[in-house]
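In the two complexes below, chain A is the common chain; its partner is chain B in one and chain C in the other.
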Partner chain A sequence: MAMAALRREGRRFAPLISPRPITAVRSSPIVPTHEDEGPIGVRYISTQVVRNRMKSVKNIQKITKAMKMVAASKLRAVQTKAENSRGLWQPFTALLGDLPSVDVKKNVVVTISSDKGLCGGINSTSVKISKGIYKLNSGPEKETKYVILGEKAKAQLVRDSKKDIELIITELQKNPLSYTQVSVLADEILKNVEYDALRIVFNKFHSVVSFVPTVSTVLSPEIVERESESGGKLGELDSYEVEGGETKGEILQNLAEFQFSCVMFNAVLENACSEQGARMSAMDSSSRNAGDMLDRLTLTYNRTRQASITTELIEIISGASALEG
Partner chain B sequence: MLRRASMLLACRPILAARARPFSTDLPAAPSADATFTEAWTKVIPNMDPPKTPLSFMQPRPPTPSSIPSKLTVNFVLPYASELATKEVDMVIVPATTGQMGVLPGHVATIAELKPGVLSVHEGSEMTKYFVSSGFVFIHANSFADIIAVEAVPLDRLDVNLVQKGLAEFTSKLSSATTDLEKAEAQIGIDVHSALNSALTG
Partner chain C sequence: MTLNLCVLTPNRIVWDSEVKEIILSTNSGQIGVLPNHASIATAVDIGILRIRLNNQWLTMALMGSFARIGNNEITILVNDAEKGSDIDPQEAQQALEIAEANLRKAEGKRQTIEENLALRRARTRVEAINAIL
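Take a look at the complex of A and B:
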């Protein structure tokens, strides 16, 4: 038995590159089998290759399971923060309403995405929505610019909209997310970019399996004035007394900046939650796929092994019967 | 295609059913969304339009004809909602023009806050917080939204650290050269002296 095994190994290492079509293993076309021709045209199939493949698939399964656990623990940490910050943007929407269909000259689309990959389709969704908003707001005398947060959106948008990108910010999640960090970021954006309306595109976290792409609109103080004067949604804004400050415009300016930083904070947290949730489900489905692949490979391996044992037995028996008879 | 058609016909109920809302998020019936959704589906027919914040907010009650007895207060911070739709008798907010008392039926106001003490009066009890700064919106329907960047109950403040901070920023102001440094030192002084008066007064 040992001799037969050694003989098999010896034969395998000789001609590994076989130009003959692979018909030995019928069920799994993924397994490249190496054939060695025996003296009578009997084919030996090597189990080594299948075993190697099984080992690598098992390792991948372990890694993806671990990544899922890591994403789950990170999600738990960010989720409490995101849920606590949900009350932050509601007063602004209650006061100023939400006008995604506002018609302005200078639009700025702030796309929030992740830095790391392997998180399912959320980054592509954000980029598609951003491009959709760009298209929606394109017209004569109108211009739309991008501000990108995160590597993944940068990679996608740099390809075709390079000239429209104003600002790119990456490595947002190196330190735990805090309001101070986000307000510094918001300050940078407001200083460097001229805007009439800022549209923040992010994935809102509903549950571990559901992320809704959302767009929040923040208007500049001039547009707020214009809309409140023309009546409509913001018409009631005029009825509000403005305390303090020299002019109403000054307070509205501060209000717009504060609103932007609050909405950004919530958006960044929600996007981080969605990223971890998407990564959890992506890694979960990939471990499940790896498990399926492993099952199929195990069956192939057993079949291969049994076939080689059978061939060996046949050899021995036919040799013995040839000697006798 | 059928899904899009049905969505165009009846946006709200279907969105609500599919959105799986949290108990804290309730779908409203916004009209701005309709124009946006229509414009979106015209330009980009293959994708669902993104949601907007209005669909995640609880709608506010309209202005009642008579003055309600209680003021509903939402006091939010970036990391927590201190008070969420709590019914109180009165709040005193530190606006830039001075301490402002807000009672039910107050005229609709937008006010910016300066560092100072916020007190919430409910029956006989009074809770005091020191707020760093923020905004307060008082709506005509006796809803008050207070948004602050940082707020702490007064008993969490340490007197010694406040004195030290005040001294430090005063010295920084005298040694400041650029306008930016002067402004930063001035802000530090304002906050610390407000802290001081909050603790002593």
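Take a look at the complex of A and C:
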């Protein structure tokens, strides 16, 4: 009975009690600060629970740090390629112009995205822009179709625009990206899809922390003819005498196809760079969050440990003083 | 007066500097370009590009491309390009022989066309080396 009185006194002084076995913890182990009501009505936190949580957070931190370094090394590899390919499409733009405001009947939106996740918000922004272009270009007599590269955009666009998708291509990055691979892809797209204007949506890589969603427009040869005759930016095209091949139209068609595959190549490389950069920064922030969480858990753990020591001391001392007097 | 020549492939910039004159082969024959040439846009066939700098000719093997000439600026966009000095003569000769053998063995229209292209490419590379001499 005296012990029961002591225990009741202990309840007043010590809100936390020494560790109890895991099986008695009814709350889920991932919430360390949850206070459970034991059978005798005392509140406690188990140090065991906190220790387990600390171990798993530490593992997560290690994994995210490793992923960040892997992304950094992959980024270095792709970045040189992307920079080399940038010079390729500039002459085309200088000659044919990049006119996003061209009014055409058949638009095809080529959305480039990544296959793997954990790369921040770049895929969502690409999909948002693609949908925006779709809305902009819908109206009487106009139609817009999607060509999707990459799993992530496929997952998002299949949900609500399934009937507008022409072609889906995934697992681009299984083999290292090369121009021949992309030109074959471009060929496939050109063969299977009718288009007046192709709008390629991708994330341009400006720096490791900045990826800007961009749209590149490639026009079909007939539209180029139409626009060059009406003057404006493409009016200069007429001043060029076209040689080689039988007709101007044939050259223009070759030119348009070549332009498309060059622009695609550059877009795919830039998107790959942006993906690695975004993954680096996402993993970096999650390592940092894990570190913060670890600090907080360590504090909780120490508090728990000290409280249990205090309780034990109180029990011993009260027991001893009860025996004396 | 010099021309600014830029030869680009999808993987890298092969040539970027000033030259005096160039000769490229197009679908409809070879054309020579001197400073102040008229503006043209042309398709370039699989063949040799000759570049003249200070009375010295350099050759480059081009594998199908597109050229744009205007205002003394020449931009050539190629699928693949190799400087004549970078090509190993023995290897190019071997590639030519292999391509010829493949052409003889080719069956079906598609293979014949592919082997034809490979043969022309190999021949261009061999010619690029020989033309320097």
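We adopt the following convention: the second predicted complex is superposed on the first by the 281 of 325 C-alpha atoms of A that agree within 3 Å, B and C clash if a C-alpha of one lies under 4 Å from a C-alpha of the other, contacts with A are read in each partner's own complex, and residues count from 1 in each chain.
Here is the rule we go by: a residue touches a chain if its C-beta (ideal position, glycine included) is under 8 Å from a C-beta of that chain, and two chains touch if they have at least 3 such contacts.
These numbers come from a predicted model, not from an experiment.
Enquirer: Between chain B and chain C, whom does A:129 touch in the aligned arrangement: first, second, both, or neither?
Expert: The answer is first: A:129 touches chain B but not chain C.
Enquirer: When the two structures are laid over each other on chain A, which of chain B and chain C touches more residues of chain A?
Expert: In the superposed model, B touches more residues of chain A.
Enquirer: Now for A:265: first (chain B), second (chain C), both, or neither, which partner does it touch?
Expert: both
Enquirer: On the A-aligned overlay, A:93 touches which partner chain: chain B = first, chain C = second, or both, or neither?
Expert: first
Enquirer: Going by the contact rule set out at the top, does A:201 touch chain B (first), chain C (second), both, or neither?
Expert: Once the two structures are laid over each other on A, A:201 reaches chain B alone.
Enquirer: For A:168 in the superposed arrangement: first (chain B), second (chain C), both or neither?
Expert: Neither partner.
Enquirer: Touch check for A:214: first (chain B), second (chain C), both, or neither?
Expert: In the superposed model, A:214 contacts chain B only, not chain C.
Enquirer: Would you please give the residues of chain A that touch chain B in one complex and also touch chain C in the other complex?
Expert: 81, 84-85, 87-88, 91-92, 94-95, 179, 239-245, 251, 254-255, 258, 262, 265.
Enquirer: Which of the residues in chain A come into contact with chain C in the complex?
Expert: Residues 81, 84-85, 87-88, 91-92, 94-95, 178-179, 183, 237, 239-245, 251, 254-255, 258, 262, 265.
Enquirer: What part of chain C is in contact with chain A in the complex they form?
Expert: Interface residues on chain C, with respect to chain A: 6, 8-13, 26-28, 31, 38-45, 66, 68, 70, 75, 77, 79.
Enquirer: In their shared complex, at which residues does chain B touch chain A?
Expert: 19-22, 24, 30-33, 35-36, 39-40, 43-44, 47, 50-54, 56-57, 60, 74, 76-81, 84, 95-97, 100, 107-112, 134-135, 137, 139-140, 143, 145, 147, 149
Enquirer: Which part of chain A faces chain B closely enough to touch in the complex?
Expert: 81, 84-95, 97-101, 128-129, 132, 135-136, 179, 201, 204, 206-207, 210, 212-217, 233, 236, 239-245, 251, 254-255, 258, 262, 265
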